[in-house]
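Have a look at this one.
Each chain gets a letter, A, B, C and D, in the order it is written, and its residues are counted from 1.
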Amino acid sequence: MSNQTLNVFMPIAIMMLLAALLFGGALLAAHLLSPKKPGGDKDLPYECGEVPEGSAWSMFNVRFYVVGLIFIIFDVESVLMFPVAAIFKKMNALGNGTYILIIFLSFISVLLEGIAYCWKKGDLDWVKSYKRTTKIK
Amino acid sequence: MFANILFSVSSLLVISSCILMMWTKNLMHSCVYLLGVLIGVAGLYLTLGADFVAATQIMVYVGGVVILMLFAVMLTGGKDYQSQTQKILNLFPSMGNKYTFMWGVGVAFVFGCTLIYFFRNLFSVIKVIESDDSYTPTIERLGELLVTDHLVAFEISSVLLLGALVGAAIIARPRKERPAFIDDIVDDHHHDEEHH
Amino acid sequence: MENTIAGYFLSFAPVQHLADSLGVGFTSFLIFFAFCTLFLVILATVGGFGTIAERKISADLQARIGPNRVGPYGLFQLIADGIKMISKEDIMPRSADKFLYYLAPFLSLFGVVCTIAVMPFSKNLILTDLNVGVFYAIAISSLVGVGIFLGGYASNSKWSLLGGMRGASQIISYEIPVTLTIMMIVLIAGGLSFNTLVAEQAGMPWNWYIFHNPFTFIGFFVFFISTLAETNRAPFDLPEAESELVSGYHTEYTGIRFGLFALAEYIEIFVVSAVSVSLFLGGYHIPFGLLEGTFSNEILQFGSLFLKTCALYYVVIWVRWTFPRLRVDQLMSICWKYLTPIAIFNLVGTAIWIVAFDGRSMFDLFFGSGVH
Amino acid sequence: MISLKAYLFVSMILMVTGLVVMISRKNIVAILLGIELILNSAALNFVAYSKYAANNLDGHIFSLFIIVIAAAEAAVGLAIVIRFFQVKETIHIDEASELREELTR
């Protein structure tokens, strides 16, 4: 197991290369074969047949950001948990099961606090979070 | 051999994306170039044999931070602010006006020189280990380190993340522009409901 | 030697001989390149046949016939579709962001194709058995979300933008239950590489991790539902909901670009099905340990994985034509209020189970430890 | 073989680019992008030294925590940016010159 070289990462690099080749090849084939008849209104964005009204790049709802925010915190916590999870079985076999279980559960309990907070405050609701109001005196 | 190729490609990706990121005016494109930088840095981690750190880099940055950045750029309109009076610096749109550019270059120069001055002995003091292409999987060792030597940091980082979650959720939570006005509406609404 | 396909082939004498003359690195490169191309072609073909399978099975479920004109049973519909995609005019909206518009399908395809590098097709037919295998797979497939978001944004069309925002937030949200459920299996298996994950599921079906304990049994359904959402399949196909958002994030994509998005999506379904087979349903192991250790073991294991994956694929299509689409708020509340808490509960339960019963499975506890 | 100095060179370029982006841009989101670059350069240095100088995995742990902190920083920073935009309707850095929002708005 320990006697490896960096060649183990070679397939990843080759796959990246092949993805680029597949993409480029498909685009090239389409470029060679497809008809090109510019003109008309066909390069307008589709808006149910009407002439598009303004740019679509306007501001968006903050809800999307709140979802992304909760996601990234959970993502990072799960990333940190992975190495511990990987040695969980080994530690248990060595007789340190309770020790690592306590570490693991205390980490998860903080995660649970986070989700409970967001749930309580309505950040997990898609619609309701918008109706809530805060009174500022 | 493969390590050299991977290193060259990754560092080329990093450097070119960095330069493009400075260069471009469009913030959305900046975020996408940041994606290139991050993937390139992940490739550099792979050449160093840090498989778990590389995967973490991709998972957290590409899957999380970049998407968050893109959301934020969308939510704030994605405008980049420039002063319109410059002449030559119009060629370098992201450089701001010439004063900010000069300040940037000057500060970077002074900072770099200071760093090099202070750490000039570092290269000779540190005994560099000449290593070959060998690679040892890191994840089990990392797990052991996290539950032994770095246990406190591991547990406290969860508290840090909880704090970040709560704080950011409080700050970013959707609320209306004029709270008093909304309270009126809500009060009216309750009033109506009581009538019916 | 390494746990890669090149390491496997280098253990044979003729290849070893070749390696002596060409150098180990270059020989590995040749083997890797050949098999990467092979697997990519296989998966692209499977992805293409996925479209036909989808149309045929949906026709069957609705008592129709489905495509039957091109070739026997309409099997060559795939080629006809491909030719049609390539020969369509490639239109880009006037106001689109050109760079991002080009980049978006590439990112989507890139994220899916790179996961093939760690897919376990059989014990040795795995391109590279990375030590962080499954973690790498989750990480790199998150590029699909970026691709979908950028595709929606770059088109500068309102429908696309709505689809892209929905797609990005849906994909990132459902990544949490997926990650937590995978971590549960990692706890049981004691490693992140795919061969470690599959190793103890050999033999009888009750050795599969889905039957390991009650939590993994629930976990399988959490994982399955979440992967449906990750791959934008119905009933979670909100990013491309035809009846609300014209065609979602690829409204403005025509011709081959749309084709590449669709190809990435169909390959992703297959990859994700194979991952869930590897995690829960015994992976490449042949049920009941039939014919293990015989000459054609690798091929049979490949066939076993393929059949299980196709069965799961059938369920995915079946689900699509059975359940109506969700609303956006339902989608989010299912993820954050049901699946994520259940996944955390499963994780905690499995951790306690392992410590309490010393990692033994449910069946092992009930019927003694003699059966294997 | 790749030398340590090659990594340090790439890391230096990341650092300088991040600094230039941070100083020269006026958009707060762009400044946060620059901060990400600087954090990345620090993490890259840690991993490089961990292989070439220390030969243990402490550097990996450090860069893991750097990534964690970068994610937390991005989440909070962007939340502040979005809130700022809601109040001021701009995210020009020079507009951020008050310590509290005006309640009269």
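Simple rule for what comes next: contacts are C-beta pairs under 8 Å (C-beta built on N, C-alpha and C of every residue); 3 or more make two chains touch, one makes a residue touch a chain.
From a predicted model like this one, the values you see are computed outputs, not experimental measurements.
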Pair exhibiting more inter-chain C-beta contacts, A-B or B-C: A-B
Computed distance of Cα centres, chain B from chain A, in Å: 15
Where chain B and chain C are represented by their mean Cα positions, the distance between them in whole Å: 29
Where chain B and chain D are represented by their mean Cα positions, the distance between them in whole Å: 5
Length of the line joining the C-alpha centres of chain A and chain D, rounded to whole Å: 20
Interface hub residues of chain D, defined as touching at least two other chains: 64, 67-68, 71-72, 74-75, 78-79, 82, 86
Residue numbers of chain B (touch at least two other chains): 2-3, 47, 49, 51-52, 56, 59-60, 63-65, 67-68, 71-72, 74-77, 137-140, 142, 146, 157, 161, 164-165, 168-169, 172
Chain A residues counted as touching two or more neighbouring chains: 3-5, 7-10, 12, 57, 60, 62, 64-65, 68-73, 75-76, 79-80, 82, 85-87, 90, 111, 118, 136
Arrangement of touching chains [line / ring / star / complete / other]: other
Chain A to chain D touching residues, read off their complex: 62, 65, 69, 72-73, 75-76, 79-80, 136
Footprint of chain A on chain B - complex, ascending: 2-3, 5-6, 9, 46-47, 49, 51-52, 56, 59-60, 63-65, 67-68, 71-72, 74-78, 133-137, 139-140, 142-144, 146-147, 151, 154-155, 157-159, 161-162, 164-166, 168-169, 172-176, 179-180, 182-183, 186
Touch list for chain A against partner chain C, complex: 3-5, 7-12, 14-16, 18-20, 22-23, 26-27, 29-31, 33-37, 42-48, 52, 55-57, 60, 64, 67-68, 70-71, 74-75, 78, 81-82, 85-90, 92-93, 97-98, 101, 104-105, 108, 111-112, 115, 118-119, 124-127
Residue numbers on chain C that touch chain A, as the complex places them: 1-6, 24-25, 28-29, 32-33, 35-37, 40, 44, 85-96, 105-106, 109-110, 113-114, 116-117, 127-130, 135-136, 153, 155-161, 165, 168-169, 172-173, 175-176, 179-180, 183, 186-192, 246, 251-252, 255-257, 259-260, 328-329, 331-333, 336-337, 340-341, 344, 347-348, 351-352, 354-355, 358-359
List of chain B residues in touch with chain C within their complex: 1-2, 26, 28-29, 32, 35, 51-52, 55-56, 58-59, 62-64, 66-67, 70-71, 74, 137-140
